[in-house]
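Shown below is the structure under consideration.
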Amino acid sequence: MRNNLLKRLGLTVFVLIGVTLIAFVLMRLGGGDPAVMMAGGMATKEEVQDYRVRMGLDQSYLVQYLTYMNGILHGDLGYSWSYHTSVGEVLSVRLVQTFNLTLFGFFIASIFSMLLGTIAGIRHGSPIDFVALLFAIIGQSMSIVWLGFVLILIFGVQLKWLPTQGLGGLQHMIMPGICLGFGYAAVQTRMMRSGMVDVLKEDYVVATRARGISKSRTYLVYALRNALLPIITNMGNQFGHLLAGVVVVETIFNWPGIGQLLVQAINMRDYQLVQSALLITSILLVLCNLLADILYTVVDPRISFQ
Amino acid sequence: MSEPLIKIEGLKKYFPVKKGMLHAIDDFSLDIMPMETVGLVGESGCGKSTVGNVLVRLLDATGGHVWFQGQDVVKAKPKELKEIRKKMQMIFQDPYSSLNPRETVGAILSAPYQIHHLASGKELKHKVTELAVSVGLEPYILEKFPHELDGGKRQLTGIARALSLNPKFIICDEPVSALDVSVQAKIINLLISMKQKMGLSYLFISHDLSVVRHISDRVAIMYLGQIVETAPTEVIFGNTLHPYSIALLSAVPQVDSNNKSKRIVLKGDVPSPVNPKPGCRFAPRCWMSDEKCKSETPALVEVGSGHQVACHFWKQSRAQAQRVLNGN
Amino acid sequence: MKATGLLEKQATQSDQVLRIENLHVEYRSGGGIAKAVNGVNLTLHKGEAVGLVGESGAGKTTTALSILNLLPEGTGYITKGDIWFNNESVLKKSETELNKMRGGQIGMVFANPLTSLNPVFTIGHQVAMVLMKHRGIKEKQANETVKQLLEMVGIPGARLNDYPYQLSGGMRQRVGIIAALACSPQLLIADEPTTALDVTIQAQILELMKKLQAEYASSLLMITHNLGIISELCQRVAIMYGGEIVEYGSVREIFTAPKHWYTYGLLHAIPKLTGPRETLEALPGLVANAQNLPAGCKFHERCSHCLEKCKSQIPPMFKITDNHSVACWDVEGQV
Amino acid sequence: MKFSTLLRKMSKSILFMVGFSLIVLIILTCATSSSWTQWSPTISKLTERLREPDWFANGGLAGHPLGTDPLGRDVLTRLLQGGWTSLQIAFIVTLISMSIGAFVGLITGYFGGVFDMIVMRICDVLMSIPNIMLALCVVAILGSSMFNLIFTLTAIGWVSTARIVRSVALKTKHQEFISASKVLGASTWRILWKEMFPNAITQLMIAASAYFGGTILVETNLSYLGMGVPVPQPSWGNMISDGRQYLAAAPWVVIAPGIALMLTVLAFNFMGDGIRDVFDPRNKN
């Protein structure tokens, strides 16, 4: 168990180094000189060169990368030239907002999908099962952008129930949260349903009932735990899709999180900000996968010994 | 006597596992004569299937030799191996997984001819039909997919595939254990008649003692990677000497309703042969083990014509067994 | 014959544990109907061990699940007949009563010990839950009993916190057995309990079952395709084919002088461990398919003694001796 | 499998039939639209801007059945031709990613070893950056063009396919029919191509139909973020995102492409669900 975890952590570090490399190389491939961007269109050649030196762009790529990595190891994510402050500062404010939104979407979607999926799985073939399947398949077919617009149109423009922009109370979170969690809920409902259907066919379910345990207890205590296993492993993966959706959803609802920041930073050619934003999201994603793995070993006793 | 068709000498196969080395086969020697059926019996995990896989080089041996018509299979190069495999085939245990679910029976049976460039076009079709009929499959089955057939027909397909290249030697790895009783008899009868018709030798791997007794000329009993006793069939079932063989035989429930015989029940489970200690591997479960058994590995000694036993106390075993049974 | 049947029923009703009457079971799915059980009659008395023999698809497991009223929901249906346990109809029991019966009065051991134990709960809990349910005791108390039970079947009591995958196949099946026997049920149903096990482990389990059945004095319904096991464990045996019992009687009589050609075929298809080696007689054709059963005797297509009558009329049970009856037109004249 | 069996199985799977016919219909309509629509998808006509849908009241295609957009272009025309763009992109991306993925998956799964390790670590890295973010960066840096879009989506897309095929290869590798093939003396190439690959086809096709739909959706997202198909060429993605400002005044501009897109993806998902019934020989009906 401990060895496994250490191995996973080692892999994680490797993956994150890979991410920094990709981010670094990507930003250097493109056209558009960040020094020119920073210095402004009116700047003279000398001023641009001055900016270039101050931003460290005159050095070789290797030195730039090593400097960047060195900074990360010391907790310094670099300096954002578009915000004129440290990347860490910009990101930490945004990260909280993204976190709020993602967790909110994740939780309502998880609870909803697990409930619906469980019921549909138990009542396999019934009308509610049909509804669940329909929801699952439509949910997977909908564009997040379009869903966002339609939500705004109905609840914001027509009914005027919910605010369509920016931060605020809980009501500000409802539409972006639903928009974010919709596709995820569809996938999880489907998995939960088929997981439940499969588990209920297992010998041990009949065996449990043959010992006199009531149907509801068998399903909800003894079968549910088994059906949850694949869901938990999938959660980590699905969280990745959720984070991907964040970029779009934050932009639609003008939610000042990391996703929106990333889009702005790319447009500004703010190298270090983009690199670090990518890195932070990857860390989030990788951590979630790790968490799902650990959770899995807790629920499934077989894993910890293998 | 003629030369053996297969000569296995000191064969070893170890697998690295977490806690060390798993000795799946250890110092395994066996000769198989032309036209002879040798039964290889043992419980799961004793290494009997590994023996089969090493013989056809699905696995590479850790040590030892396998001589097939004078050629060392263990050291054969890919080209030589391809030639050897024309004469040495295998029938698999699970008729569900031994046929590609994506191919029709016809395509499965054509493969050997295509691989060795023996036939094509009309001739191929003709040969495949002939082959199918020879094992008792109706030609219309060639159009079917494996899942459309019952277990018996699937196993017939597997047998036909093994016979396609006119081999001299076939390894049968539990060919009937997944089948229903009535189908099992059909497959066994086919294997026996094919042997006579084509002059085949079999290594018949099985855990079912009754089946092995029925089909084999000679039987080798395996425990944890080693042969503990080998003898002609009549001898081994009539005059069983190794304590494990005795226990194994007495464990089989028999239909004979008059004889509710008492049995020697072995304690505990079959241990796994990871980093085996010196001494007899059966000693921890043996009902007559001694200090000597724990320190000295018994060698396989000749105790009668063609009868070999690996036990320090083989002379006492039968009398001891009788005592245990009466005392029970 | 009917009259004697009735008399027999009244005379022995007091010590009857289980009576299956004209049981018919169908599986319906995707428009197809599989007639798994077609008119099974079977009676079990107190302390008696009866074997139920047949090849795959003969309807053995379906019969067992019907006794517990646990056929797969939405696909398995009992269409005719009834099952009486302690002279109460199992089919008319409420779910609460059924749950009391299952595990409390009838225990069941399943074929595959790996799949029939829940992989994510400890073995201790899976035995204890039976005790908690039927004895109404707390887990702590139950665990003490579980420890004793484990020790009884040769597993150290401390292993009650182990998970199924940590045990060997033989140990898992012992757990399955004590879970079934924990509440001293009157009837134990064992569905191929040793099929997945090695010969020497099978011997251990068989000895254990013999011992426990004697100790608990429960009746045993032993389902298997292995005639040797029946011969060792049971007094009476029912041979099933195509969802029907084709021959029924004492083990000794049926195995020495089988009257149904299917039983004869089965006995001659198995190689023996002793005696001369004879050529095996393979039964022609395939096991009857429950989705497409032949008319008349279900076995007639594979039978070497098939009469005209066999093709259209289902043979009734002919009584040969007090201890032996058979459903075959071929013996009609001999009775 | 015989063609007639295939047809019979197809016609028996309702899911597959619904999905498949819908896809054929959509593809045919979109592909031929340039020859029979009355308006130009790209030329703007400001006098006609933001006309409400007149649903065929004004002489069918001569009017604006689905209204006009902020630049006065006919929404229906743009919808059909934009659809063709989106479908083409999705098709090319899916085809290339599936081919690469299948090849890589088979090789890594069968041989294992160092190559497998390296490729799987690359997959790990690529999968630990949310794919839209990665695509966003790449397109932003390379500049937004059709080619760059396709390149980017392919570069990310092969990963999931490779994993699926690899897991099939790992599963079949130890099955007895592979051993049987080896014992018969089959070459590695034959084992990979004739024994293993056919067993991955069903999975591959399911993955392909899911990925086809997924690609259309990602294109929408990228378009919205300004990195999709460059204007004025219409695509469903940029049609939806362009309608953002006129959401209240002219909802049809957004709703029409959204529904078209949903129907298409839905059709692919239906087909994906039905594929198992049709292409798996184990399925009898």
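Going by the order they are written in, the chains are A, B, C and D; count residues from 1 in each one.
By definition in this document, a contact is a pair of C-beta atoms (placed from the backbone, for glycine too) under 8 Å apart; a residue touches a chain by one contact, two chains touch by 3 or more.
Nothing here was measured: the structure is a model prediction, and the numbers come from that model.
Common neighbours of subunit C and subunit D, listed by label, are A, B. The interface holding more C-beta pairs in contact, when B-C is weighed against A-C, is B-C.
With each centre defined as the average position of its C-alpha atoms, the distance from subunit B to subunit C rounds to 32 Å. Between subunit B and subunit D the centroid-to-centroid distance comes to 51 Å (mean Cα coordinates, whole Å). For the pair subunit A and subunit D, the distance between mean C-alpha positions equals 23 Å.
Residues of subunit A found to touch two or more other chains are absent. Residues of subunit C in contact with two or more other chains: none. Taken chain by chain, the contacts form a single closed ring in which each chain touches exactly two others. Counting only pairs that meet the touch rule, the chains in contact are A-C, A-D, B-C, B-D. Contact residues of subunit C toward subunit A in the complex are 65, 68, 70, 74, 95, 99-104, 107-108, 110-112, 115-122, 126, 129-130, 133-134, 163, 165-166, 176, 179-180.
Of all the residues in subunit C, the ones that touch subunit B in their complex are 55-56, 168-171, 198-204, 206-207, 225-229, 231-232, 251-252, 255-256, 265-267, 269-274, 277, 279-283, 286-287. Taken together, the subunit B residues at the contact with subunit C in this complex read 43-44, 150, 152, 180-186, 188-189, 207, 209-211, 213-215, 237, 247-258, 260, 263, 265-266, 269-270.
Interface of subunit D with subunit B (complex): residues 175-177, 179-187, 190, 194-195, 198-199, 201, 281-282, 284.
Contact residues of subunit A toward subunit D in the complex are 11, 14-16, 18-19, 22-23, 26-27, 29-31, 137-138, 140-146, 149-150, 152-153, 157, 240-241, 243-248, 251-252, 259, 262-263, 266-267, 274, 278, 281-282, 285-286, 289.
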